[in-house]
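Report on the structure given below.
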């Protein structure tokens, strides 16, 4: 049996109970999102006034809303949107957070100015800044992604910077410098791969925050514009009818919870296995 | 101490300055013509021009910036379009409501979060620990607006114990305040309880392993002093750092919680400003709230020094 | 009756990779006012022995498997935490290797001494303070009254260890356990601390159990010495006799290395090989793999401690020959 480090890590992850639970929860949502066009037969925006306020049944697994729209279709398409937004925010963070963090940690001249800007952006309460940005740019999926990226990139950059700072002082990096390796090469071959563990952990938690914050924004009416279904706007519309038709808010609410919890458990598991030193940051 | 305060204040100044730049820049990012956006679709060109003039958007950017900073220095953040009032005073009026709610939620968070975290650490790997950490995981995973909705369904509508929304100031009726604030405060607190319990647990586990805890036991101190004094006092230092973050999260959370429970605080003010395209209000409110949070974090830094003599005596 | 007797004590540690015996069948006696040195490499089980006396082993990982500890006629092993804590302090005081981390960084040294007195029944605040000042003076802290408000980080390493000693002795224990008391200190400070321990023994009449890896420390302070190897006591005798006529090959190797205080570096590295893994100790004498006198019989069974004289015993089947 070959025992490459990567394989050993994966084996340890698969033995980690919380990680596996988290993975399973997240996979549920991921599968729903990926298969949305095939597992929903009814258009999520199709109105059917005669079928309004149907509780979950054989015909409508998740019931219908105040306009008779299928909640199964709506939540599954909502899942797709949540996952898309989450992935976009994570990718943007992985690129720009790493870039800013690596530059800031590696080049002393860049550190102070970049980190002051970081501090300023982090001083804003996360949701307030996201709201401010989407308010200015107008509510739309792209703008939500942009807002979430702006809000969270400084946090990612800070984590990358911290690991780069530690690494920069390490002997093998200094040896590479002494051997005359260029900055770009050192960053690419030594610094970035070793800053990866904390970054991966951060990104899985970030995915959770992104999904949660997006839901909050669209609950407030600042996300994707109706009738595009998002978990947040389904819940916002269902709020008026939460007594007569509690399933309208409960179903997307529970799915949202499953997603966030799955990602949090995933992050905990990754942290335990990849980078036990981070445990203190909970 | 005084020296440390000055140092931290000096550190806060550039952050505040940049925060003001971001707030100012935000409004200039509006695509197209902000005056038209504010005036709405049915506005006549004259109305648009009027708004443009009123907001000074017809001026060059530099003039606008000078105007904005000139106003800032006098505590003038502009005038709310929706309310027709000064942004500063509208914010200040709502501030006590949000502060009272946040303080209530913070108190719940500290008591329950630290309590659960310490208990979990002392009973590491037992069912107590696992149960506490499971609840904490739930806490950081349930969106607070969903929790708020569930609370309304269960406790307000179902059981009829508490009102579904609205707000009574503490100064008008402490009991009324308690009734109207409890559901919002608890739904706000849950996320933070989860965070704090997790951090407290891992910090306590770390601290309980330290040599000085063994010393405290070796000299025959009773358990409540070993844990409650020697261990907890040290654990409080990293925990304090988190309090700054928690306050920021509480303010963030108040946006949706206040909207949900119809509480006339800053969160609700800003949400309606955003939805009503009241840009001066959004910009000024954002700046004011963030500036206050920077001050809170300054206070937390000072608290840090109170707790840790090694920082207190730093030259 | 001895002040302290450890009888056939065996302590095991449980970990993810299985169970390991840290100390096995350890027996020691300590008379009032006596200084007993326990010497051995790190990993030999000497610190575990010290911690198990006080019930301070890290639970639930560590467990007393068999044997018992008797202090002044009371059996400490298996005693409840509540009763045990009344012995810690007034009965037995303890100081540790790292004075830096053993003092709580966020309380003043005065507070840390007086709280000990308060926990053991001294109700009167001024009396506690006076006692703290008295103890600090005894351990040689200058202008003690003014130093009560100092925090550990304001003191030097030697001063911190003096404060630890003052704290451990504040309740006038009959026994002081010193676990590597000088290891973390520089050479001149080491000598000062050892002199202090000797002085305090004269003044206060307590017994001392010194745990160390340094034969120099043993030579300086101990009346009697027990040598530990791989969790067992391999030789025990009065200190002069041990230095004059070491019986066990391990003891001889130890003495061959370094009997002085100032040269801590060279210490035990001169013995080839390393301590056996506690999970896979050999069936016979644990020192056999490193021993120059090894014969086949060494690997057959664990040699018991055998008397070589009225006060001297060793666990080596070759001792009579050697």
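Letters A, B and C name the chains as they come in the text, with residue numbers starting at 1 for each one.
We take it that contacts are C-beta pairs under 8 Å (C-beta built on N, C-alpha and C of every residue); 3 or more make two chains touch, one makes a residue touch a chain.
These figures come from a predicted structure and were not determined experimentally.
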(request) List every chain that touches both chain B and chain C. (result) none
(request) Name the chain whose C-alpha centroid is most distant from the C-alpha centroid of chain B. (result) C
(request) Can you check how far apart chain B and chain C are, centre to centre, with Cα atoms defining each centre and the answer in Å? (result) 52
(message) Distance between chain A and chain B based on Cα centroids, please, to the nearest Å.
(response) 22
(request) Give, as an integer number of Å, the spacing between the C-alpha centres of chain C and chain A. (result) 54
(request) Hunt down the residues of chain B that sit against at least two other chains at once, touch-wise. (result) none
(message) Can you tell me which positions in chain A touch chain B when the two form their complex?
(response) 116-117, 119-121, 123-129, 131-138, 208, 212, 215-216, 219-222, 235, 239, 242-243, 246, 249-250, 253, 256-257, 260-261, 264-265, 279-282
(message) Taking the touch rule as given, give the residues of chain C at its contact with chain B in the complex, in rising order.
(response) 54, 56, 81, 85-90, 93-94, 96, 98, 101-108, 115-116, 119-120, 151, 153-154, 164, 167-168, 171
(request) In the complex, go through chain B and note every residue touching chain A. (result) 14-15, 18-19, 21-22, 26-27, 29-31, 37, 137-138, 140-143, 145-146, 149-150, 152-153, 157, 195, 198-199, 201-203, 206, 238, 248-249, 251-253, 255-256, 259, 270-271, 273-275, 277, 279, 282-283, 286, 289-290, 293-294, 297
(message) For a test of understanding, state which residues of chain B touch chain C in their complex under the given definition.
(response) 210-212, 214-223, 225, 229-230, 233-234, 237, 307-310, 313
